[in-house]
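What follows is a short report on a single structure.
Chain lettering (A, B, C and D) follows the sequence in which the chains are written, and residue indices restart at 1 in each chain.
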Amino acid sequence: MRFAFSDDQLAFADAVRELLTNECPPEVVRAAWDSPDGRNRRLWTQLAEMGVVGMLAPESIGGLGLSDIDLVRILAEAGFAGLAEPLADVAAVVVPALRDHGAAGLSDELLARVVAGEATVGLGLRSDGSTLHAESADALLLEAEDGLHLVATTDVELSPLNTVDGARRLSRVVWSPSEETLLAGGPSAAVEARDRAAVAAAAELCGLADRMLAIAVEYVTERKQFGVPIGSFQAVKHHLANATLALEFAKPLVWRAAYSRTMGDPDASLHASMAKAQASDAAEVVGVAALQCHGAIGYTVECDLHVFLKRAWALQRRAGDAAAHRRRVAAAVLHAN
Amino acid sequence: MRFAFSDDQLAFADAVRELLTNECPPEVVRAAWDSPDGRNRRLWTQLAEMGVVGMLAPESIGGLGLSDIDLVRILAEAGFAGLAEPLADVAAVVVPALRDHGAAGLSDELLARVVAGEATVGLGLRSDGSTLHAESADALLLEAEDGLHLVATTDVELSPLNTVDGARRLSRVVWSPSEETLLAGGPSAAVEARDRAAVAAAAELCGLADRMLAIAVEYVTERKQFGVPIGSFQAVKHHLANATLALEFAKPLVWRAAYSRTMGDPDASLHASMAKAQASDAAEVVGVAALQCHGAIGYTVECDLHVFLKRAWALQRRAGDAAAHRRRVAAAVLHAN
Amino acid sequence: MDLTWSEREEAFRAECRTWLEANVPHGLPSGDTREGFTLHLEWERTLHAAGYAAVSWPKAYGGRDASLWEWLIFEEEYYRAGGPQRVTQNGIFLLAPTIFEFGTDAQRDYYLPRMSAAEDLWCQGWSEPNAGSDLAGITSRAVRDEAAGGWRLSGQKTWTTRGAFCTHLFGLFRSDGDAERHRGLTYFLVPLDAEGVTVRGFGRLDGDEGFAEVFLDDVFVPDGDADPARGGVLGGVDQGWGVAMATTTSERGLTLRSPGRFRATASRLVELYRARGGDDPLLADEVVRAWIGAEAYDLYTLGDVTQITSGGSPGARSSLNKLFWSELDIALHRAALNILGPDAEIDDDPFMKGYQFALSGPIYAGTNEIQRNIVAERVLGLPRK
Amino acid sequence: MDLTWSEREEAFRAECRTWLEANVPHGLPSGDTREGFTLHLEWERTLHAAGYAAVSWPKAYGGRDASLWEWLIFEEEYYRAGGPQRVTQNGIFLLAPTIFEFGTDAQRDYYLPRMSAAEDLWCQGWSEPNAGSDLAGITSRAVRDEAAGGWRLSGQKTWTTRGAFCTHLFGLFRSDGDAERHRGLTYFLVPLDAEGVTVRGFGRLDGDEGFAEVFLDDVFVPDGDADPARGGVLGGVDQGWGVAMATTTSERGLTLRSPGRFRATASRLVELYRARGGDDPLLADEVVRAWIGAEAYDLYTLGDVTQITSGGSPGARSSLNKLFWSELDIALHRAALNILGPDAEIDDDPFMKGYQFALSGPIYAGTNEIQRNIVAERVLGLPRK
């Protein structure tokens, strides 16, 4: 029994944090709001070169052949940086789907290009109803009633949507599933994709919450009112203590969900739902506390907080919100036997 | 438009508070825990003599012929005092039921005796599954599928229950409805009885919450730690501010529910449910805050707080808990039209 | 207790409803953008022409002598009809009550008609970079210019809502630098086109420009009501704290946030639930909680108005009012986002926009932490320290 | 990361499970009543005889040299089997870790075997009437008796759980009256049958006698480990604050509240829901929230133990631990009461009893207000003042 990341895992996460600290500071995330397609190819190439995009792909086609446990910490780092690239969708959902269901000739070649950072694949789950960065994607992995489909972007109709988080370029996708597009039939591949998306979002939410908390701690330590730092007021202390409590007891569920996926635990879906439910709620608690502790300054676009807050609002309700995942836990726990 | 009690109503409530302050201090409530049947006949007679028991009964048989608006403040005073007598059941539910459905010869005479304080009638709603002070009652008003029944206590089988609040003597009642016992058939009388019980409990809960808050305010003003009154700590202030907020925004819903009943408003049931939902939640918030602000002393039986806290726990879940009443509001508000 | 409206009040309601249904513009861009502000101004002038800009004011100032009850009715109908935000609100709802209470006849006669007609547009200048919750920490100063018969104002104000679009500012300045924190402050009225004023707008979290910083550099304002067109002093010199407290009580209490606003949001939430809630019992419970909250706020307000019309004052209880509506507003909008689910992040949904605005509720008009302190200290009587 | 148990650990679990299923007594009256205490004492001695009283201790002291992981397994099995509360807990889980860390060999050899055998029964003497959250406000004093080679203790301790049934007390006394608040305190071990000790039990909200006040009037305790049978000093003279902080960290952290306890409550809650929940989606959601909380606490604890077994220390993070389990315990029991509905007030339901006990969780072992201060100041680094 050992519930901790290995030194190698921590070192990899540190390296990713260092890259993102340098290459993806808040100014870069803000720049994505104003860029034509919201993408940052240079950063994406750097992440691919580090092996992050293809972390779960086999080494034979340029991947790292690592596990979900290795990836989950990296996704938290992406959240911490507010990375607007489609890393969670691609690295945590698309890559393993193409890896595991690569029978169709198309997907093998595509996987290699994805791993190399040359192509991206957008993800469309039925629970979400829209796809991130579909316009800049080369293909789309779309869930239909009969399973997962892999569809060329040219074969669908996209309607872009305005989003609260300007870095998230969402589109509705209109398409028709067919036998040719079917990548993996039956429910299990779709369930796995949904679970992976939920855990990836949960990990990003943990990172986002960590960042919002850090921003708030820094602010309340510096900002003075009534002659003292506002962080010395008990109400402010308790807001941020509550935020810490929610977050620190969500993280273990998220790490465990990645572990269970890696090990093929039969409860992996249950664990994914617990992780997403708790991380969504924690991000809400942390976000509200961080905003409130900032006072009016947090309510301005000049303050970085809103960049992370809006991302969190989006991810809290993607790949199933807390209530939906608790319903799934209820089905497993309360109605079992 | 005028949303306030009249001077007469306030003066009556003040008189009841004065009586209860003198005759029903916490020592008297505690004594009920240890008395054989939990009753205090002297106090009951005094309340009857003041007209409180028969407030809603016609003057012709010794009642005051007043309205639910007059009564609701009195019930809040009963809650404030922690009165263990069955005032809410008798004055708010049984008396109007006998008044309005007095066709059966039995009930006319019984009503006069109830108003005079010579007899009491226990109340058994299907939502509650047990009856307060059934053993000391002369008759029972019991809800069955076909309506309200009036049953002699000698015709039922009673099984006493142990209760958290030792002053609440509860029994399960085993009985068989029959045509002879039917006081008011059809759903409307039963619905009215349930609504009245809900509003009465809500009013008592407001009074209980007022009392718990008062006890907590007094304690935190006197108790010192770290060289200052604990009430000067912001965390303590905010606990009690939250308690005040919950309570002060529950009360208007309770008063309005009594008004709607008096006026025969078609939304009276809806208003009863809003009142009970909000008052139940408010009492929970206030009780938890009051207990926490007391620290260990609140956790002892020597401190009066527990007497009121346990009563509140009971009433929160009687005559429908907050969730049940919100379900009823949902049925009316969300599914209407 | 009487929860019915008189015939006269019902007639007033019918009149408001008819007029509003015929005249309320729909789909205006936010009034906190420059483009939207202009359109909102037109609407304000339409309201004024019909006598609806400030119904409870005397006719002479552009109102219609309506009672406080009728004001509640107007507000309810206004939000029921989907009326747009009132870009005049900081003048009409916050400054005006203070002018009624502390102004001279000359000030009332000059400012109020211009305010109701939306000729003068007022923004508030309370906060400074280092005086937010700690309002007494204000450092902007007013220096006496005896020769010119007035004051010279210097300093920086911030978080002035719609400051970039307004014409006038009201706020506190330190007129006696030696006095203690709450003393030595004076309440000034300042035209923003005065020499020495610079206004810089900046962006709000909800995407609107919304806020402004106002820099004052030796701005001349005459004494009292000597020349209202050039601004002046409201209430006595060095008496600003007491005058400002009257404004903040309005701000926290019902004049800023009438119950009609939340009732209307609750109704729209119910419509959203019916359209998209899918009969989910948890969403239903969340919607009903918020809906009951809106009812509670409405009733609480009726109690407030009963008290006020009987000559009472809500006093520190206005802090309870502010705590409740600010948290209710968030609850109403959060319930909507939970119904919308993954579509909540789509920006053109009015509930998403409303949620973002609602989140500022526990911050503006005195943070909810400060309001909770006030409730504890002044409603419950707990020791200040 | 490896969330599997070794073969050896699984074998240990199987052994515990078998023994506990065969031996755990059911339906004991509360150990916080005199009658129940006697029966619990029998059970403690049965546990000790089978080597289960303190599994992680060295064999010489009555344990079985189990690892911290095995201790977690034992606890999980203990609560899974419905094992009764441990009336020895204040000794075994709170005092013992402090004796292991600060005690002399003579103290360890004398106290620990008697503790695991439930011969000595320890209660804690932290709180005083005017020193609760403000532990440094202790005024009970220890006066040096040079001639007799020891100390004379006087003062009043309160809230000592099961104090009326215990044989020994550990607690802080002011040995240097001139020192500042946190200094000049010494950690004493005191037999309650010493001359000058008076114990008075009093009632708890949940109906059990439970608490006691302990009055000390010139009670003699020898120096250090000079004569452990008569008590003594643990750690150095005037070093009591540091020694006590080690105990309070144990108290807040996992040794007092192992995850098995909450997992077992969560399982019983699920059973209750199945039996009486009526498939109500709101109740299901509430149960699931609490159930996920119990899982989260379990996993968090595994992280803690991983850290401790790698030589780390949770430090101030034990305050997070305490906040979480105390609020989890309430959530678990409140969900049960909501399932029970009007029957919740019926006293013989174990969830009602458990709810009342759970409500003391945010109070004992340092109030949750103090724990939140600690998290803010020592985990997040916010300024103390």
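Details
The rule we apply is simple: contacts are C-beta pairs under 8 Å (C-beta built on N, C-alpha and C of every residue); 3 or more make two chains touch, one makes a residue touch a chain.
This is a predicted model, so every value here is computed, not measured.
When chain centres are defined as mean Cα coordinates, A lies farthest from chain B.
The chain pair with the larger count of C-beta pairs in contact, out of A-D and A-B, is A-D. Centre-to-centre separation between chain A and chain B, using Cα means, comes to 51 Å. Put simply, the C-alpha centre of chain B and that of chain C have 40 angstrom between them.
Touching two or more other chains at once are residues 233-236, 238, 323 of chain B. Shown for chain C are the residues in touch with two or more other chains, namely 280-282, 285, 369, 372.
Chain A meets chain C in the complex at residues 127-130, 161-165, 168, 170, 224-226, 230, 233, 235-236, 288, 291-292, 295-296, 298-302, 306, 309-310, 313-314, 317-318, 321, 323-324. Of all residues in chain D, those touching chain A in their complex are 1-6, 9, 69, 270, 273-274, 277, 281, 284-285, 287-289, 291-293, 295-297, 299-300, 302-303, 305-307, 310, 317, 320, 323-324, 369, 371-373, 375-377, 379-385. Within the complex formed with chain A, the residues of chain C that make contact are 127, 130-134, 137, 158-159, 202-205, 207, 211, 280, 282-283, 337-338, 340-348, 352, 356, 359-360, 362-364, 367-369, 372. Residues 1-6, 69, 213, 217, 220-221, 228-229, 231-232, 234, 236-238, 240-242, 244-245, 248-250, 252-253, 255-256, 259, 263, 274, 277-278, 323, 326-327, 329-330, 333-334 of chain B are the ones touching chain C in the complex. Taken in their complex, chain B has these residues touching chain A: 233-235, 238.
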